[in-house]
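Please find the structures below.
In what follows, chain A forms one complex with chain B and a second complex with chain C.
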Partner chain A sequence: MPFKRYVEVGRVALVNYGKDYGKLVVIVDVIDQNRALVDSPDMVRGQMNFKRLTLTDIKIDIKRVPNKKTLVAAMEAADVKNKWEKSSWGRKLIVQKKRASLNDFDRFKIMLAKIKKAGVVRQELAKLKKETTA
Partner chain B sequence: MSYKFHQFQVVGRGLPTETDEHPKIYRMKLWATNEVRAKSKFWYFLRKLKRVKKSNGQMLAINEIFEKNPTTIKNYGIWLRYQSRTGYHNMYKEYRDTTLNGGIEQMYTEMASRHRVRHHCIQVIKTATIPAKLCKRESTKQFHNSKIKFPLVFKKVRPPTRKLKTTYKASRPNLFV
Partner chain C sequence: MGRYKSSPLIRPINNHISQPIRVSIISPHCRFNPPHFTGATTPTGTMAPKDRKPHVSRNPDLIRGVGKYSRSKMYHKRGLWAIKAKNGGSFPKHEKKAIAAAPVEKPPKFYPADDVKKPLVNKRKARPTKLRASITPGTVLIILAGRFKGKRVVFLKQLTSGLLLVTGPFKINGVPLRRVNQSYVIATSTKVDISAVNVEKFDDKYFGKKAEKKTKKGEGEFFEAEKEEKNTLPQDKKDDQKTVDAALIASIEAVPDLKSYLGARFSLKAGMKPHELVF
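Right after this comes the complex of A and B.
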């Protein structure tokens, strides 16, 4: 299985540990074997260990160490935010966040919706069973 | 990023006497964990260079020096003198880092691990920011590539906070990216 996601200038990564947990950052340069210079529109450019990053499939087209304006423009051009939110990984994270922020009333509404959905599924299943036996 | 070693600029001179009304003022740039240690190290080095001690000298200024551009990567060359079990040796080491304090900290940890030299046996002679063409070590030169690209080969997924760490796991980890 060859590798598909490489550490390179312009690779978008997700921070999976530490203060910036959950943020999408762009690898802007490589310091050495374990660290990268990392930048994002809402943070000061800084170094991060690769152990704190998970690489994504998204890559943007920038030169080594662009200034903030070019970085933001390149991110807009590559439409990183929308691509991320449409990807299955991104969607799962959004759902996780939503589930974690539910209050009791929301959980009650979800319970009712689940019961309704199960009822509809069971009706269809009963119909199909009747057709096969008949 | 908090560094253990801070860079200080220490300025001091001998006390004025009747023979010498305006003694020469000396300035040193050192690395120490705090100001007190920096002042002590200043007198240690100055005693070796001039006939002056802390008891007949005065400290004029001590300021911490901060990194001017902590968002750019630089190649640092560090010349040092260290004491091994058999004698004193000089060394030149190169590090790639964003700040000089980070490079110095890398140096101290590397000397401790590779040569078992503790921090008090190391004297930093000189540091410099080296342009990429003049770097001597292969391990720093291999990152001088504008189209650098490599995969992360063994990727262990960690729990996002230390609170969620468990000693026993149900299944073996998947190390592929």
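Right after this comes the complex of A and C.
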């Protein structure tokens, strides 16, 4: 089982611990065996331990330690945001966030919607069953 | 001791500035400023005592307790030499206000044998409980205890006792106009429009127990007859409920699903963690 996602300049990673938890960052340089220099359009460039990062499939085309401006332009060019939000991982995270922020009223409305959907599904199933047995 | 205000040139001087003992108790910085004008002396300047603005000290602090200018420098800065010169070499003095003789107190006729202890002073004022910021008129609340536990209910206003006035509405979930304690309630972020409802007339007295008529000592049949009378609600309370609810139900039906939401009870299901739920 070879590795597919490598730590390299331009690798987009998700922060999984600390103050910037949940943010997408770009690895901009490798400091040593354990740490990377990491940057993102909405944060100050800084070091992060690899243990705090989870690598994603997305990679952008940058040189080692670019300017903020260059970095932002490269991220736009590679369309990181949309790629992330379309990926199944990104979609899962969005759904998790939405579920966590649900109101009591929202949860009630979802319950009604679920019951309705289940009812429709069951009706269709009953119809199909009737056709196959008949 | 508070900081004394420094004086403008024409400020009249009080008698007690000449007493050094009093001045030395104050921090060195305050010495340079004369005490506050009491208003009893005749003003040497044109300003009336009350018009004066509070003046900042002319002697800035190097650090707390140490002024920049020495005693003699401040004498010159404040122009005390000019005031003295104006008054012929000495500070203007005013005659002391004659103290009115205190009314003669007669010795008391009666001395109590034991010392009576006086209760300590208590200046606390009774106030209604502080209302949580999340609870505003029209908020949907979840009642957590009592007969109506789990019911979702509309908040109307806070009464002077601190209790919250709440209504189902009655037609939707069977909760009447009722008082509820803030501690037994979860405030959700759902709000209902309550502007059409008039809740002025409801207060704690409305909900208090009615003063009982003098019951005779009759037992048996008498007792049972009285009890039956007390159980029914008076008609005017039912009418109050109807008027409050009519306006409310109209604004509730404007929001889809809100009516069935208020009719349903809240309960914790599997997987729900109350500390992680957003209400």
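Operating definition for what follows: the second predicted complex is superposed on the first by the 134 of 134 C-alpha atoms of A that agree within 3 Å, B and C clash if a C-alpha of one lies under 4 Å from a C-alpha of the other, contacts with A are read in each partner's own complex, and residues count from 1 in each chain.
FYI, contacts are C-beta pairs under 8 Å (C-beta built on N, C-alpha and C of every residue); 3 or more make two chains touch, one makes a residue touch a chain.
Not measured: the values here are computed from a predicted model.
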Side-by-side fit of chain B and chain C on chain A, or clash: fit
Vertex chain A, arms to chain B and chain C (CA centres, degrees, nearest 10): 80
Contacts of A:65 with chain B and chain C, given as first, second, both or neither: first
Chain B versus chain C as contact partner of A:30, first or second or both or neither: first
Which of chain B and chain C A:51 touches, first, second, both or neither: first
Chain A: partner with more touched residues, chain B or chain C: B
First, second, both or neither for A:21, with chain B first and chain C second: first
Partner chain(s) touched by A:9 [first = chain B, second = chain C, both, neither]: first
Smallest distance from any CA atom of chain C to any CA atom of chain B, in Å, after fitting: 13
Chain A residues within the chain C interface of the complex: 100-105, 108-109, 112
List of chain B residues in touch with chain A within their complex: 1, 70-73, 96-98, 139-140, 143, 146-153, 155-158, 160-161, 176-177
Residues of chain A defined as touching chain B within the complex: 1, 3-9, 16-17, 21, 29-32, 37, 44-47, 50-51, 54-55, 63-65
Chain A-facing residues of chain C, complex: 140, 142, 152, 188-190, 257-258, 260-261, 264, 266, 276-279
